[in-house]
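What follows is a pair of complexes built around chain A, which joins chain B in one and chain C in the other.
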Partner chain A sequence: MADHSAAARRASPFAEFPADWGPTVAGLRLSEGGPAARFILRGTDAVAVASGAFGVAIPTTPLRAAAGAGRAALWLGPDEWLLLGPAGEADALAASLAAALADVPHSLVDVSHRQTGLVLEGPGAALALNAAVPLDLSLAAFPVGMAARTIFEKAEIVLWRTDPERFHVEVWRSFAPYVRELLDIVRRENAVA
Partner chain B sequence: MLLIRCPVCEMDRPELEFRYGGEAHVARPLDPSSVSDQDWAEYLYFRSNPRGVHAERWRHTSGCGRFFNAIRHTVTDRILATYKAGEPKPDLATLTGETGR
Partner chain C sequence: MTQPFRTAAGGHVDRARAIPFTFDGKSYTGHAGDTLASALLANGVALMGRSFKYHRPRGVLGAGAEEPNALVSVSRGGGRFTPNLRATQVELYEGLVAESQNRWPSLAVDVGEVNNLVPPGVFSAGFYYKTFMAPAGAWKGVYEPFIRKAAGLGVVPREPDPDHYTHRYAFCDVLVVGAGAAGLAAALAASEGGARVIVADENPAMGGGLLDEPDLAIDGQPAAAWAAQAVATLVARTNVTLLTRTQAFGYYAQNFVGLAQRLTDHLAALPAHAPRERMWKLRAGRVVLATGAIEQPLVFPDNDRPGIMLAGAARTYLNRYGVKPGDHAVVFTVDDSGYAAALDLARAGVAIAAVVDVRPEPGEAAALAANAAALRVLSASVITGTSGRLRVSGAEIGKVGPDGTVRPVERIACDCVLMAGGWVPAVHLFSQSRGKLRFDDARGIYLPGEPAQAQLSVGACNGAFGIAAALAEGFAAGGAGAAPAVSGEIAPMGGGFQGAVPHHRDPQKVKAFVDFQNDVTAKDIRLAVREGFRSIEHVKRYTTNGMATDQGKTSNMNGLAIAAGALDKPVPQVGLTTFRAPYTPVTFGSFAGHSRDHLFDPVRKTATHAWAQANGAVFEDVGLWKRAWYFPKPGETMHAAVARECRTVRDTGGVFDASTLGKIEVVGPDAAEFMNRLYTNPWTKLEPGRCRYGLMLNEQGFVIDDGVIGRLAPDRFHVTTTTGGAPRVLAHMEDYLQTEFTDLKVWLTSTTEQWAVIAVQGPNARRVLQPLVDGIDISREAMPHMSLREGRICGVPTRLFRVSFTGELGFEVNVPADHGLAAWEAIWAESQRYGMAAYGTESMHVLRAEKGFIIVGQETDGTVTPNDLGLDWAIGKLKPDFVGKRSLTRPDMLKADRKQLVGLLTADPAAVLEEGAQITAEATPIRGRPALGHVTSSYASPAAGRSIAMALVAGGRARMGETVFIPMPAGPIAAQVCEPIFHDKDGSRLDG
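Showing the complex of A and B:
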């Protein structure tokens, strides 16, 4: 029987690009974040219960992300979070969260297909992002573990600093090639300069 | 570029992330059918449009997504204060006194 699960039919938004993500330029590496299970959770009352079912304490402090055991919860708004998990666990995660939250007012939407992840790592990662992201990305202003929905030129992204020189970028898949190409251009330019 | 402090994110964020939402503290009549045409028109169409400090709504569209209120000087474009929606309007005299205008 054919596999009709969502993950089986998902194609990378970078399918038309070369499979090779290009060389590391001046120590800066750009790569695909890989498929993942993604959910948008809404509802302030759902945090405590969802944290238990998700296995990660969902942050209620603005602009914070919490991660552990391959899962992550990113604060997007006072009642909105992005939950990330391994691609294979999408159905299981949805089922366990829905079961735990059955009696709590909330909204849980699977957005695994809506967006994709990019990883930019290496020295100068913040400088390269700053070509398109008008946020202060110094370590003091944007420390490790901070996440923010913001603007990347014309695309809306969720930016998450997972390491001093490593950023995870969540972007809607229709904007993903745009973000990838701009980041590629910027890192080449920065390498020359 | 203007930096606008989002009271929900508690951080200065670039103007690009925001959308303007018109004058703040315009209360909708609780019972529209009982107000006069004049009062309803005042609510719908008439705004103060001052030359000076102005309380207005902004939305942090590409951020936390929340509406909040800002006190902005319409001549200098300086934002004197931002505060969460639902909170009372700050005392304008105190604000303008602090910035010398």
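Showing the complex of A and C:
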């Protein structure tokens, strides 16, 4: 068995890129959102109980995210949430949520590896995203704490504004290189034109 | 170095900066701020192009987007080549290389000019329709090549475009299109309160007509200075975005406006990473159109010689660029704006030989000014012809009598003729926004009517001609009260004279151009009417009037008026052709944006992609996925590689990446009931830890997807779908869940990308996995075919399926995707103890066909039922209902002669049939008799040692042993109908 323990090493969807995410361009930094524990929670009856177990009040207001203590819950639909937590807590989170929700109809599915995260931060972050995201990303229309499932050119993403000039992008793993490369191109072109 | 037509002072060019450039290989010098057209005029170059049909020499007609004549190609080398640019909008930069078009061998000596000498009538309206009719056989060989050679302007670039293009979505409260007087005023007023305002103007500098008015003062300031201050004010406001070199080209639903912004075309050196153009996809709360008006040419004989241009364009060249259009000018006008041009030019030292005014009397202000400047005014007069070959040298003047007849009076020598044919509002964008136009009878112009969207037209595009009127409307539109005071203006009145100017000459022998770019004359339009065309849409298509790249900006109204005259109807009754996007041509690159080359679509790769690549895989595209197709060894053909892979899988085993299969987790207390309704099979009694092959139908009863489905827990299923069907199946399920089965407590989550899937198939599959799994008993007894276990493999969690798509003992190892590569490498290393092969999708196809397993989309085409496929066993007969069940009992679905899945064995075992080939009962198909069916899959089978095929054949199951034929170009191929299974019919190999 020992021969195969190395098999536990992880390869991120960005394995084909250099490990270094490159310098900031005109103050705009692009980085990996990192491996994380990710779950899709379904079922409106589960919100109250799950909030207790998760430690973050899961939002029922459309298009809003709530975060705290390294965890976050993003509203994706009337009965759908994306729960994010530290990578190491996937098993523990799954167990505690499952235990708490044992008697409540719901669906909890681990999608930790289905998708990955990118973070774009710095002045002009919204402008760079708007090369491919068709939403109004002004602070008035897309305030801090807002999250939306949307498109990034030809990829589907979940976009979450965590600060006025900081966005977290969740994207399915096979689309992640496409999103990363486009964002990198766009921030460079926005720096000159 | 001399620029003979450059004025000593004035204009907005930077005279301190000399800019060298070439036109048709000859070197010239202009100034920073010039366009190619203004720089050429400054150098005395009047000849800039050749006309489309007659190859007549042409000069510049306008000074902006309306230009029909001066189309040039600009080349930067290295694939950077753009044809059909308007010289009036090409900004000069150091080293600009421009070429004229539509001429050979040179612009001055053009062989195609013989077209101009052919007898009248040959190239008349409907020329194409009349000439290329018969014989029909000549179309392909003679007519089409001729038309293709003659058609089109410019040449298509041959090299890939090295530039890149970008997009931007944007939002604003108010979009102002056009930054002339009205637009600047509207932007100033609208942005005062903090609203988000975007101003787009096609020119390099904002100001529009304000830059062409040296005598005009706004609040006591020169017009250009007022414009500069307005722009400075807007720049200082953080809520305002000013976009120059930006054309609003299309106006769509809900105030969605397309803007094409040129970013680098004006630069001598291209900055790294800079996109050439940015397309703005803009959503505006309100749109203010301040798009101005377009001066119209006058339709008189030989009105197209180089040196004949619009009077307003001449003012622009003089006042904006400091360039005289000539030394001796004749101004031909129908309203007061011609006088403004004459006065400007006279002051700049251009001799005004005459102002030829169609009207019996000029306007009062114009008359006074003309008098003061001692201009020679010929009232009630027209130009009836011109002379000069490569530049106009004289104008024939006629006097219009009280009865409308024209009497020739004199010839006036000149080197330029300025036409002031009246101004037509640029209602293109308004019309695109679906707003209805109304006809202003008094002025003979179309004006915006009721807007169809949250939109307002202001200034000249709304019929408010002149700076004072434009400012007033602009400020009012932005919500401000009073506009500043304007003095010193000779305002145009709008409208003017539409149609052909009267003359005394034989109308059959003269060419009075209406559409300069498509070479349509007044005679052509009258001929179209005589030949029976009544609608202006038909006249347009028959004559091609207004169908060139300029979309008739200077020809539609004159064409309409001539048609109306010939029909003896008022203009609005003849109709108006539709204004379509784009307003000016937009590059393909701009529309494509970043969607080209490897970013055309996302390229989806599995976790093992890098390994496959390093191990020589050839990939195939499956949807957006790259899948390993086969793994050739050095020097191995595809055929040999696939044969080796297939043999190895059956002899010892193979490893295959099945990650792209769609996966959906169906969870909830009603999960089994949901599965019962969505799939044909029964699910209630499937125990956790077991799998079943699932078949999905649409409402019509036809197979739309299939896959192995495992039950993880009473309330949890792991569904797999076809690779291509994954999103469709999820949507199909959600659709039913949200509309039909809202009573069910069950939820769907896509897990396609959560799991990397490694298929290990072959007699040694179990031996390979045995040392790698932890906590799972994978023995034959503990883990039978079609079972599922959760545990660990290589130290990471797994969902381990015992399934087979090859007919051999097989497992599919699901691991979280980040661990996919490591698990693959561990399994691969272990598999090498048994000499196993990595195999690709091609071998997967062969192996499953040998066993007669179908692939949805290959054996099915949307018209195939479970019974057609011999899959009745997959239908839960006792279930009360499932999607498609009712349709399966329709009489047509039960016919004995439906096309059924069978196998085919060719008489020649080496003959591999073509997939998709038709199947007939006779060696020589009988005309009118439908084919029996078609070949769905066909391969050289290593296991069978011969070719094999599957096919859908009418009544196929009753034809076992019959010979059918597959007619091919090289002759019919005979084949025998057989069961669709070619290997291990009793399934003994499933257990290894």
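Simple rule for what comes next: the second predicted complex is superposed on the first by the 183 of 193 C-alpha atoms of A that agree within 3 Å, B and C clash if a C-alpha of one lies under 4 Å from a C-alpha of the other, contacts with A are read in each partner's own complex, and residues count from 1 in each chain.
Note that in this section a contact is a pair of C-beta atoms (placed from the backbone, for glycine too) under 8 Å apart; a residue touches a chain by one contact, two chains touch by 3 or more.
What you see is a predicted model, and the numbers here were worked out from it, not measured in a lab.
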When the two structures are overlaid on chain A, which partner does A:E189 contact: first (chain B), second (chain C), both, or neither?
-> second
Of the partners chain B and chain C, which touch A:G77 in the superposed model: first, second, both, neither?
-> first
First (chain B), second (chain C), both or neither touched by A:A99 = neither
Using the superposition on chain A described above, determine whether A:A19 touches chain B (first), chain C (second), both, or neither.
-> neither
Touch count on chain A, higher of chain B and chain C | C
Looking at the overlay, what does A:I151 touch: chain B (first), chain C (second), both, or neither?
-> first
Based on the superposed arrangement, let me know which partner A:L63 touches: chain B (first), chain C (second), both, or neither?
-> first
Looking at the overlay, what does A:D110 touch: chain B (first), chain C (second), both, or neither?
-> second
So, does A:P134 touch the first partner chain B, the second partner chain C, both, or neither?
-> both
Please identify the positions on chain A that touch both chain B and chain C, taking each partner from its own complex.
-> 80, 134-135
Would you pull the chain B residues touching chain A in the complex into a rising list?
-> 1, 8-11, 13-14, 16-17, 62-66
So, in the complex, the side of chain A touching chain C is made of residues 1, 3-13, 15-16, 35, 40, 42-43, 79-80, 105-115, 127, 130-136, 138, 141, 153-155, 172-175, 177-178, 181-182, 185-186, 188-189, 191-193
In the complex formed with chain A, which residues of chain C make contact?
-> 164, 166-171, 196, 263-264, 271-275, 278, 281, 283, 593-595, 599, 601-607, 609-610, 624-625, 665, 667-669, 745-747, 749-755, 771-772, 774, 793-796, 816-823, 825-826
Contact set on chain A toward chain B in their complex | 62-63, 76-78, 80, 134-135, 148-151, 156
